[in-house]
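Dropping a structure here in structure tokens format, bear with me for questions.
Note that the chains are named A, B, C and D in the order they appear, and that numbering of residues resets to 1 at the start of each chain.
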Amino acid sequence: MIQMYHVTKSYPGGVEALVDITLHVPRGEFVFLTGASGAGKTTLLKLLFCAEPPTRGQILLNGRNAARLRRAAIPLLRRQIGMVFQDFRLLPRRSVFENVALALEVMGLPRREIRRRASEALAWVGLEARQAQPAIRTSGGEQQRTAIARALVNEPYLLLADEPTGNLDPDISLEVMELFKRVNARGTTVLVATHNRDLVTRYPFRTVALEKGRLLA
Amino acid sequence: MRLRQLPYLGRTALEGFRAHALMNLIAVIIIALAFVVGGGFLLLVINVEWAAEGWSEQIQVTAYLADGLSAEATQGLRSRIAGLPEVAQVRYVSKDDALKAFRGQLGPRASLLQGLTESPLPASFEIALRPMHRSADGAERLAGRLRDLQGIEEVSYGQDWVRRLQGFLEFLRLVGAVIGGGLLLSVIFIVSNTMALTVLARREETEILQLVGATRSFIALPLVFEGMIQGLLGALLSLGLLYAAYELFTTQLYLQAVAGLRPGGIRFLPWQLGAAVVGAGLLLGAIGSLLALGRAESVER
Amino acid sequence: MRLRQLPYLGRTALEGFRAHALMNLIAVIIIALAFVVGGGFLLLVINVEWAAEGWSEQIQVTAYLADGLSAEATQGLRSRIAGLPEVAQVRYVSKDDALKAFRGQLGPRASLLQGLTESPLPASFEIALRPMHRSADGAERLAGRLRDLQGIEEVSYGQDWVRRLQGFLEFLRLVGAVIGGGLLLSVIFIVSNTMALTVLARREETEILQLVGATRSFIALPLVFEGMIQGLLGALLSLGLLYAAYELFTTQLYLQAVAGLRPGGIRFLPWQLGAAVVGAGLLLGAIGSLLALGRAESVER
Amino acid sequence: MIQMYHVTKSYPGGVEALVDITLHVPRGEFVFLTGASGAGKTTLLKLLFCAEPPTRGQILLNGRNAARLRRAAIPLLRRQIGMVFQDFRLLPRRSVFENVALALEVMGLPRREIRRRASEALAWVGLEARQAQPAIRTSGGEQQRTAIARALVNEPYLLLADEPTGNLDPDISLEVMELFKRVNARGTTVLVATHNRDLVTRYPFRTVALEKGRLLA
């Protein structure tokens, strides 16, 4: 599913966010990505999402070279990858429902289908009651759950979740993890960047640790 | 982008317009005022041209006849002149008519002319020109033709007066064209830059759309539609403002100051130009948004 | 807000200007174009007025003298006329001069006047007016005075011609004033609304400042400074554009089309008006930002 | 320090975020505020920060009625309260340093003083190396620490921290808590809204729990 070979990412300022990362994640695996603040977790996920290009090295997604994608192919790729952003990236004035539905609208699904699937995804994260509220007018945890619902609504083959429980209480965090496990069980490859030691120790999944941009063995 | 998505994109444009109501309102005002400026200049030009047309109606050519021309020859000459392409109307002024007119000009001093047994003044044709030839060049051309005719001794058309009026109008047109051209360009730039500002203010939104897998057309179309809404409303508002100003002008100031200048007074934009303004609003709205998108893409955040 | 903070606020304004470079650049362009429109209209008015001044120099009054006036009486009349407040210059045209001129007008037909032993035409004074009286009203007033003088038989001043020119210019001024007024308002609104757009686009920033305990003046001043920078740059750019257009106009088109219209050709804005444009830029920039802040505060996000 | 009497907050949409809250926090206390996502923690902190007005009830801060403050007095109040926002609220294009210095600039301190104190605050949260980077170009945890430094830089008498460790790894979270403890020891009243059970159990501070807008006894 994911193959990274000697990937390095330096930002314009001279920061080396990732250094010589070689990493394989087989299809259907569930992987935790850990590391201190500033270790490069978000950067790694952004590279996989084609939100940033790698400075050096190769990234293969499903066997396709991510760096060589035509510009027009990126939207199609992103529709098949669900990403939960650390800062949510919701449209602030659109309702919770519309934010989730957006991921389906861009694919041009029929309206009824969009309704059905978006409502379903909101139910997964327990946001049925908030769906009409503008995203900016919901609590931090509600925004995070909206972002999670949006990432899952189009049944991606790869889920990238960046600190998805940072604003959630332990109970809801566990529910979200159970949701990710179900999604994983249906075949989606899952990569979760997290600081939450509870989760990492509670689940027996493979953990990849970063330190200052380097993989810890 | 699929056809099925069009209603969604249309709805999105309308929602976007409402969601950024204040921004869009301000943009519409800027656009409307830019069009007011352009339309106002158009109004000015139209009305000055129209007034100037009234002036050039006064351009006429006088052909003085050779002395002792027979009535038949005169009649023949008259119909030949009437047949010339530039000529709208021909009026015969006999020698006696000319003397009478001269007496009228002299006023009380006319009694001094009583010693004359015969009019010393020649008979003439006063020739009105067709509208399209009412210019110094047209009059000159006609004068040339007339001079070639048998029985015409001399031709005059108030060369000086016509030349000067002509020069003045040409000057007006030239300055007007340059300023009008600059104005048109300015309006285009103002309108499209205003769109650019409102699109730019939504870079974040655009970025989020990209992140959820929206294609470029999916992102661009609602913004283009929104630009067209802005342009349309701006153009309509500008026509409303111009019409209000026009009404005010005709009812309040016109009577006292320009009375008698021309029967119809001042004219408003003909409907074709009004439609053109609306069309320009839509077009500039679309172009402006597209340009803005290009610009936003080419610049890092 | 303390005085010590002023440098900080100035720096902040400059940094804000750079940070939102693209937005501000677009705003400056819009503002410059709005000023181009306003300044272009000013240029048009100035030059039309100037050309019209050349025209009205031609307005003159002719006073026909009673027959048989003695040389002394004529001389006395002349100096009385020359002393009138409206009068710039007086030229005497004797009876013979008048006949000569008349002959000139008749051209080849003039031989017919040879039977005359004495000029049937009256002697006259041709009177040029002082610039401020060169109008139909001025000529009429002078004509009234002249008619009251002993020895003056009749006064004429080409009433028709002058009235018509007068009407035309008045019409131009009237339309110009209305359109110019609308234009001025439009430019003010465009400029201040453009500021409003750029300020509005930074509501989030403003909100954050409020959250860290910034007073209203601390938030407002950098935005006002920034608006003034926008206005200043816009005004300067507009003057540059206008001057370029003016240069183009005088060197390229002027010679062929308006040659001989008036010796000096076309004029640029006098420096006072240029300075006024720059001042207006600064002022509108400040006002625009303040208005925008007020608007942004009065509307929920 | 903080006295809330029968405070209720309903948002325009009809959501009752807080219902009849009566709460006293004496000067110098350290209090945890807990509750599930959407329980009303952020709303409570916003009321104390005068970022939202209460619908009903009285709030006294330092004995002054918060609802009766003149508009011009709010900035002065906020300079004495440090708030760490759940969504950070940083100026994205300003550097980390400038974001922290901002809280001092608004007070009109001399430039050298601003430099000194802002650098100090950045050292507290371990961001010396990142201070010149624009905030938008730093990691989630770095942004959160910038927000913390900004809240503390003007030595407030009241610190309101909304989920201040949501994007921090356990080690840095503990460092931040130690920092808060030090601040508290110097006399600042501290109110921390958090989901982090580790922190709440590790420290023996008073915990106030909210559930659906109501105080749990």
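The rule we apply is simple: a residue touches a chain if its C-beta (ideal position, glycine included) is under 8 Å from a C-beta of that chain, and two chains touch if they have at least 3 such contacts.
Predicted, not measured: the structure shown is a model, and the values here were computed from it.
*Asks:* If you walk from chain to touching chain, how few steps can bring you from chain B to chain D?
*Replies:* Counted as steps through touching chains, the separation is 2.
*Asks:* Using C-alpha centres only, name the chain that sits farthest from chain D.
*Replies:* B
*Asks:* Measuring from the mean C-alpha position of chain C to the mean C-alpha position of chain D, what distance in angstrom results?
*Replies:* Centres of chain C and chain D (C-alpha means) sit 62 Å apart.
*Asks:* Chain A to chain C: how many Å between their CA centres?
*Replies:* Chain centroid spacing, chain A to chain C, equals 66 Å.
*Asks:* Based only on mean CA positions, could you tell me how far chain B sits from chain C in angstrom?
*Replies:* The computed centroid separation for chain B versus chain C comes out at 21 Å.
*Asks:* Could you list the positions in chain A whose residues touch two or more of the other chains?
*Replies:* Within chain A, no residue contacts more than one other chain.
*Asks:* In chain C, which residues are in touch with two or more of the other chains?
*Replies:* If we look for residues of chain C contacting two or more partner chains, we find none.
*Asks:* Considering only which chains touch which, how would you classify the arrangement: line, ring, star, complete or other?
*Replies:* ring
*Asks:* Pairs of chains that touch, anyone?
*Replies:* A-B, A-D, B-C, C-D
*Asks:* Provide the residue numbers of chain C that touch chain B in the complex, in ascending order.
*Replies:* Contacts found on chain C: 22-23, 26-27, 29-30, 33-34, 36-37, 40-41, 43-44, 47-48, 51, 55, 64, 67, 106-109, 112-113, 115-116, 120-122, 153-154, 161, 164, 167-168, 170-172, 174-176, 178-179, 182-183, 185-187, 189-190, 193-194, 196-198, 200-201, 241, 245, 249, 253, 257-258, 260-261, 266, 295-296, 299.
*Asks:* Can you list the chain A residues touching chain B in their complex?
*Replies:* Against chain B, the touching part of chain A is residues 49, 51, 72, 75-79, 83, 85, 89-91, 93, 102-103, 105-108, 110-111, 150.
*Asks:* Which of the residues in chain A come into contact with chain D in the complex?
*Replies:* It is residues 11, 13, 15, 34-38, 42, 86-87, 130, 132-133, 137-142, 144-145, 162-163, 166-173, 195, 197-198 of chain A that touch chain D.
*Asks:* Mind listing the chain B positions that touch chain A in their complex?
*Replies:* Interface residues on chain B, with respect to chain A: 1-2, 4-5, 8, 19, 205, 207-216, 218.
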